[in-house]
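Pasting the structures in now, so scroll down.
Here come two complexes built around subunit A, the first alongside subunit B, the second alongside subunit C.
Showing the complex of A and B:
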């Protein structure tokens, strides 16, 4: 099976995020970047599907040099080859615009199964997988919990619905799946994987190579400003050394909140 | 602020979802004229829900009825709603950011080639433009966004962001047949409740929950120790369950259990919305976190900043002392 997984480099979860001087983006220098958490599960899901049914896994990322690092890591984890769309132009773009770039880069290859993380840790749209599916004319499923092949032309996929319900459906290929976190133990790159990652084939495209028009790339949503959220409510902060804090809290829980 | 607004309703088990009423509330707030707020609902045998919806949508309700929409599938929803939105001339299309919306709304945006603003927490006006506020960078920042171009804008609203007002009354219901010509929906095999396990957290009066900030499986024992001292149950946010530190049935939030105990103690939980929606109803919330800017402190009654390894043992000690006193 021809399998694709899409990954994005994002600020690490513990990164100290500061707003840049233009007020509309973050200071990118001096923070660590990593593959977005859900996307690691997308890589794992892609590799597991290949291991169960055969074929190849290609990893795709859109971004500048930071994306190269993520691609290298995915190749070290076991992906066979990579597509890197080298651009910083869509870093702040809306989900549909990002999906257009991914879909265009993937279209000619006719991947049968495409895995994305359900949501990125930076812009958090929760939206790229279904939009890519539409643009590729594929089926999709979002918030995916499990995937198993049904013959050569379908997948049995479970996903989360509201109210803690889980729906299982059979969907025909091609399909784009947005993978939830926590569904597998994600593998680490082996030493052998790391050694061989550099020699695996990488296709590099610029936005011009993809032939996307300016109109297609014009952002539909513009981030005008970023700010630390205004506090509508703030907890009563309890201060002091740990023992003092603990005693003060227990006292307040008994006498003020009356919950102990 | 906005002219024609369409709300896409959602229902399950014979009831309108709360987030649908929240979306209607948002629509009525941003509408220039309440008469321009209309709603659409898809289903079979949901006449009563359409009537209820009409009391919220002065501009009227369109009910798409048919066996094809008795059960949600993104294929049919996208086809029916895509055609209807084009025909309706709606400027703004609102819905609650449910898991169902996460599944089909982005695809609808791609079909319409429309701006999509997911999981919006506020809508403001700046002159003649609407400004949509949403969380980015894992909730650390608010992004204020505007949209460009002609045609409809699709916005999903974060659960709880627009507390429902009263229904203004007044709309009529128009029924339409579903035209899902040529669309073959997926084959749904089953819909079943997720794992709930032996612990029904919804009954617990005291819950001590741990998050990613607890550190690892071994350190998670501290969470159990404090729960034991308080006679409470142990819960968790998503990361500890994902990492296998605790059983997944302990998960509290949009993918897990929804709880409302008397006392909720959040240890090393930063406060992602997916967790907050599962515990916001608690009577008293205590948050302990290393990061003084963690969003959880905006939900909590009491906040303690510091290292769990120091604070939790001190808390256990203080609880025991107070019990002996």
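Showing the complex of A and C:
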């Protein structure tokens, strides 16, 4: 099976995030970057599918040198080859713009299964996978918990729905799956894998190579400002029986927080 | 308030390759996910986590800077960084990897026959075979040339007699690299032998009641008329220089490892200081605490940066034994001081194994003494500087 796995580099979990002087992005200097957690599970899901049915896993990432580091790790984990869309122009891009880049880079490859993390650790749009599916004309499932092959043309997929419901269904290929965290023990890149990663094939594209116009890359969402949440000391314990507490909470949400 | 992390202070990523950075990250993740949560319990119960042998083998951490025979063939920088991350977990964990890779696989790789390499190295790299290194004796520690273990040529093999002590991994080892004087009494007569567990006359009783390196198995090696075939000898290892060369390999990793222990103590002290309030303010806001944290950060940063420089020299084959002695001596002393400082910052909490600092402080007392004591390394560096032998 021809499998694609999309990954994104994000600041490490314990990175000290500072807002940049323009107020609309973070200071990237001095931060360590890592593959987004959900994407790590997507790599694992893709590799497991390949190991069960055969084929190849191609890892794809969009971005500058940080992306190439993520690609190396995915190759070290066992991916067979890589596509790197080299650009520093999309760091702040919205989900649809990123999806356009991914879809254009993947469109001639006829991938049968595309794995993405359900959302990224940084922007968390939760929308790249469905947008890629739309652009590739593929089926889609989000918040995927397990994947099994069904012959050559379908996958049996479990995924979360609202209200804690889990649906298990067959999805015919091609399909794009947004993978949830915590569903596997994600493998470590072995040292031999790290040593061999550099010799695995990588295809590099620029945005120009992909023929994406400025109009196509024009953002649908722009970040106006970022702010570190202010620490306040306004916690209030609501006392009473459950019904009283619920009533009090709703009143406060209406009258004080004014969110209802 | 804008803050800066220890990693940002060191800015090591500028000095290492993507591969070396990945090795550090993968090892760090292994230790965080598979070891840290049980480190205190293992220390308290004096248990070595046998499952970590397989885990380290799967990653390729065992003998990782050796070429071929199933070894990863990584740079010495990568090796050092991996040892640092293992010791962030516990000195016992790093000690296992040091002994397996530098003290057991290394001599087989360097001086073993092709048959010995094929037989042992791939399985040792995967963690399927555990090795140990028998040099120290009850009455021969810093002076290994005074060893009394003897090998005697006998027909088509050898007969070994003697006792080794303070041997990391010996109670769980499948094969021991045993150093003995062959048919003579001079340090130049010292040869290395591969003794497999189960060989008649070989035993490795455990040494109990340690207050340090508790999550590591330490034992003796007893050799009573142990008969070995001709092919059990390491053919190319001759004289005291051979085991000392192994120790230099291990000392190099120990120097990095100690930085890992120091980092663990620093991280713990910093976190604790931010949360612990006395006289209405976090103790992190007290000058005395900040001075200690600044000293620790500075020591760790400068040690790490120096070690990477020396590791690059090792990759170029230009690292001298004097440099290794200096690395080990300075790094371990620095780590021990950091552990004691952190223990102090933690106050009374610092004496329990719920926190890592006392465990690291106790472990580092062993590290201070093993693989060439602090004092021996002082004399080696001193001899190098003055040309005078003060042993």
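Quick note on the criterion: the second predicted complex is superposed on the first by the 230 of 260 C-alpha atoms of A that agree within 3 Å, B and C clash if a C-alpha of one lies under 4 Å from a C-alpha of the other, contacts with A are read in each partner's own complex, and residues count from 1 in each chain.
In this section, a contact is a pair of C-beta atoms (placed from the backbone, for glycine too) under 8 Å apart; a residue touches a chain by one contact, two chains touch by 3 or more.
Keep in mind that this is a model prediction, so the values were computed, not measured.
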Check your understanding: Now for A:74: first (subunit B), second (subunit C), both, or neither, which partner does it touch?
Key -> neither
Exercise for review: State whether A:229 touches subunit B only (first), subunit C only (second), both chains, or neither.
Suggested key: first
Revision key, fill the gap. Max touched-residue count on subunit A (subunit B vs subunit C) belongs to chain B
Exercise for review: Go through the superposed model and pick first if A:34 touches only subunit B, second if only subunit C, both, or neither.
Suggested key: second
Practice item. Mind working out whether A:259 is in touch with subunit B, subunit C, both or neither, as first, second, both or neither? Key: first
Exercise for review: Answer with first, second, both or neither: which of subunit B and subunit C does A:195 touch in the superposed model?
Suggested key: second
Point to revise | Which of subunit B and subunit C A:45 touches, first, second, both or neither | key: neither
Exercise for review: Could you tell me which stretches of subunit A are touched by subunit B in one complex and by subunit C in the other?
Suggested key: none
**Study point:** Parts of subunit A lying in touch with subunit C, wherever the complex brings them together
**Key:** 14, 16, 18, 30, 32, 34, 68-69, 72-73, 76, 188-192, 194-195, 197-198
Point to revise | subunit B residues within the subunit A interface of the complex | key: 12, 17, 74-75, 78, 97-100, 102-107, 109-111, 113-119, 131-132, 134-149, 186-194, 196, 206, 212, 230, 238-239, 241-244, 248, 254-257, 262-263, 283-287, 293, 295, 297-307, 310-311, 313-315, 317-319, 321-322
Practice item. Write out the stretch or stretches of subunit C touching subunit A in their complex. Key: 2-5, 7-8, 11, 13, 18-19, 21-23, 25-26, 29-30, 58-61, 64, 72-74, 78
Practice item. Using the touch rule from the top, collect the residues of subunit A that touch subunit B in their complex. Key: 11, 13, 17, 19, 26, 94-96, 99, 118, 121-131, 133-135, 139-143, 156, 159-172, 180-182, 185, 218-238, 242-243, 245-247, 249-254, 257, 259-260
